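Next, two complexes with subunit A in common: one pairs it with subunit B, the other with subunit C.
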Partner chain A sequence: MLKLNDLQQDMLTELFNLGMGNAASALSEMVDEEVKLSIPNVLFTEKHELTKILKADSGDHISGVSQNFQGMIPGQALLTFPTDKSLELIRLLLQDSVPLENLTEFEEEALTEVGNIIINAGLSSLADIFEDEITSDLPVFNSGSCEDVIGNISPTSQKQQTVLHLQVDFLIEKDNIKGYVIFLLDVESISVLANHIDNFIQKLPH
Partner chain B sequence: MPSQTLNTIPSPELLTQVVDTNATGIIVLDRNNNLVFWNKWFEKKSSLAKEQVLGKNLFSVFPELKNSRIHKAIDLSISKGNASFISHAFNKTPFPLYSDNERKKPIHQLTYIKPIQLENNERYCFVQITDSSTTVYRENQLRKMTLEAKELSRLKSGFVSSVSHELRTPLTSIMGSISLLQSGVEDPSSEIGKKMMDIAFNNAERLLLLISDILDIEKIESGNMEFKFIEIDINNLIKDCILHNEGLAKKYNVNFNFKKEDDLPLVYADKDRIFQVLNNLMSNAAKFEPDNSNIEITTIMEEKNIRVSIRDHGKGIPEGFKSRVFQAFSQADTSNTKEVSGTGLGLSISKTIIEYHDGTIDFDSLENQGSCFYFTLPIHKKDKY
Partner chain C sequence: MSEKRTILIIDDSRVSRMMVKSLAKQNYPEASIFEAGNAQEALALDITDELTHIICDYSMPGMDGLSLCKELQKDHPTSYITLLTANIQAAIRNRAQDMGIHFKKKPVTEERILSILSKEGHKDA
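Right after this comes the complex of A and B.
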């Protein structure tokens, strides 16, 4: 599988962090509380590895928000958390004083909105690299086993895909909640992405 | 039979009817945020007909939406082609839309914003609103119920720890007295020995009282307290209760002075339970009444209720304690009164009993002037029970 070199990887991380800065200020405004978002690293992996990685990091049950996107590199995006962390995050954001056992419909909707903001920010970072539009569809809430969630957004029949895997850290008050943004891309998209990152770097003032 | 061509392209009229039949709000904006579509749902919830808004800029129709999340999401959809979802939870400025019933309440909204791109690359912004008021109401109810359940469980565990504490105190005294006698440290026939037996007896009596009150509370909470409603003469019941408390009156050196209203109608009530309430209020009053003075008991007819008052001339209830008077295991600091004993459950039980009779129980109290506890019992018709 094609990999990005260190410079390309750093550039990509930097761009995603810029995008997350915008998402964080939108979230802060929404909840009247400072929300910080950062992307400590960007990984590439293959789709068949994804479930294993998610399980190892997030446990069996995950909740998240997915969106399809179209443009130079079409695919699916997913923001995911271990289900208990998604509860924690949304209750921190909603400042909910009456926590119920499961995510309620109301909380699912709130999480969908948060996911939508983060995914759109990520897509906007990618669009900057391509200097072209990446349009997106409406977000959908997903919850279940890692296999079910991944299977729902990208059926196994779909052609070989590669995965751009970003860890996203939420810092709200003193709590740090770790989630992942996953972009499922066609295999050939990676080389397109690498080329565009190079072009982007060349255009930067030295 | 003539062959028919299936028309797969719906007419504009049909399309408009489809969107107007939809139970969600749909509007469409052009690149400049001018309204090009406004469905029936939007007309109803905003009270603005499409003729009033089509062709106008959305933010001149609804200036309050300027720079809102909705505004930003519309911009994102037009400029970058991204779809947005705005939940009810975080949206500080939803569309000013109201329920179409008489109450005209603002509706809770889910907002979907999505770009539409035509073949000629013309881009529009599609905005769809779903009324989520029912979900919001249901979840608020769920939250309220959860809070109540939590409060109940907190009260229950508080009750268990209070009960354990209250049972332990008299038991410790009983054990202490008996062990002194059993070990031979004190001779049972000596003056101190007799005192020890008195202590053991009084505390056992208190324990018995406490356990019967706790069983009553348990019965009340589980809904198993049985009431036997019969017609009773409240004045006669009060007289019986005064007789029952004569010993206590002597002990505390007080009198009961009963001023009754004659010819009161009979009330339909549980005789034993009302006696329990009277007994509780009278014995409380006796404990707080200063020596050689009169506790005033009165009955009076008030519209459709009989009101019974029991007034003492004691220290009164401290201001800070008033709100907890009817709570289980509440007793104000009694250091300045006669040696007051009680379970701290009596008033809580009395309140439940009176409320079960559709009556009310309350008190007036002034510091150093005394307290007046009163309850009412309605004159019910027999067929109510």
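Right after this comes the complex of A and C.
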């Protein structure tokens, strides 16, 4: 199995940290509250393990927004949060733009836009650091059991069992809204990413 | 006296359009606002007024925001055009800049929308 060396893994964690910093800043602006981030969790895992990881963190029912991306490193990104917190999140987001009684009507669209902004904030900083470009598909909203959501975002799961799983937990403490941003890179992407990281490290002043 | 704002908002997210529109209306109650959910809809709009401001998303189904802005520049050469996008990569920002299109990152905030709409169309462009 392909692995990253310690330096590559350290660099990747730092880059992901930076990207998620951007994402948290975007989320914080949207909800006008401080957003706390966990330390990134970077691990190689099997696709089927993802459901277990998500279930342990979020419970059985999750809502999520996924986005496929291509370019220098193809992969998938997923923003998830427990379904029972999603209305709370969009209430913070939309504030007085929408009357409270109409909130549920906008739930899916509002969450899709939140996902779009957060995922792109993360992807953009990665592309900029490597002075390359990442293109992304349109965001897709998923809601259901962890198995369903993971199944929906991984149509190619049979041929790419091992993935690099990068996860950061975010918390809007005041409202106790917790969610997760997960990036999944397949094995082919990982070797490309490792090359990018090596090139980047080589260019650093010694 | 500041000129009346005539604004076209193009975004496939209805929520984003709503937020931009709500902030525009709060600050410029006299503004005329047109909306489109994609490039095709935007190009099909029959707008006879001169648009002072165009606020356009980048990632949309069909034609992307920058290609749309290129089209809109032909019919609205004096409009203050801004790409308002979650895709904040330098590559996109540079392409916008090369086309004379202003760039603002999402999320939609009052500060960002006001900094766009406070510009008096072509006078500040």
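By definition in this document, the second predicted complex is superposed on the first by the 146 of 206 C-alpha atoms of A that agree within 3 Å, B and C clash if a C-alpha of one lies under 4 Å from a C-alpha of the other, contacts with A are read in each partner's own complex, and residues count from 1 in each chain.
Going forward, a contact is a pair of C-beta atoms (placed from the backbone, for glycine too) under 8 Å apart; a residue touches a chain by one contact, two chains touch by 3 or more.
Just so you know, these numbers come straight off a predicted model, no measurement behind them.
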Query: With the two structures laid over each other on chain A, which partner does A:116 touch: subunit B (first), subunit C (second), both, or neither?
result: both
Query: Counting only touches as set out at the top, which of subunit B and subunit C does A:104 meet: first, second, both, neither?
result: first
Query: First (subunit B), second (subunit C), both or neither: which does A:30 touch?
result: both
Field: Partner chain in contact with A:94 - subunit B first, subunit C second, else both or neither
entry: both
- prompt: Does subunit B (first) or subunit C (second) touch A:128, or do both, or does neither?
  reply: second
- request: Across the two complexes, find the residues of subunit A that touch subunit B and also touch subunit C.
  value: 26, 30, 94, 98, 106, 109-110, 112-113, 116-117, 120, 123-124, 127, 133-134, 136, 138
Query: Can you name the residues of subunit C that touch subunit A in the complex?
result: 12-16, 18-19, 22, 59-61, 85-91, 105-107, 109
- request: Could you please specify the touching residues of subunit B with respect to subunit A in the complex?
  value: 69, 72, 76, 80-90, 92, 110, 112, 114-115, 117, 132, 135-136, 139, 142-143, 146-147
Query: How about subunit A: which of its residues touch subunit C in the complex?
result: 22, 26, 29-30, 94, 96-98, 106, 109-110, 112-113, 116-117, 119-121, 123-124, 127-128, 131-134, 136, 138
Message: For a test of understanding, state which residues of subunit A touch subunit B in their complex under the given definition.
response: 26, 30-31, 67, 71, 93-94, 98, 100, 104-107, 109-110, 112-113, 116-117, 120, 123-124, 127, 133-139
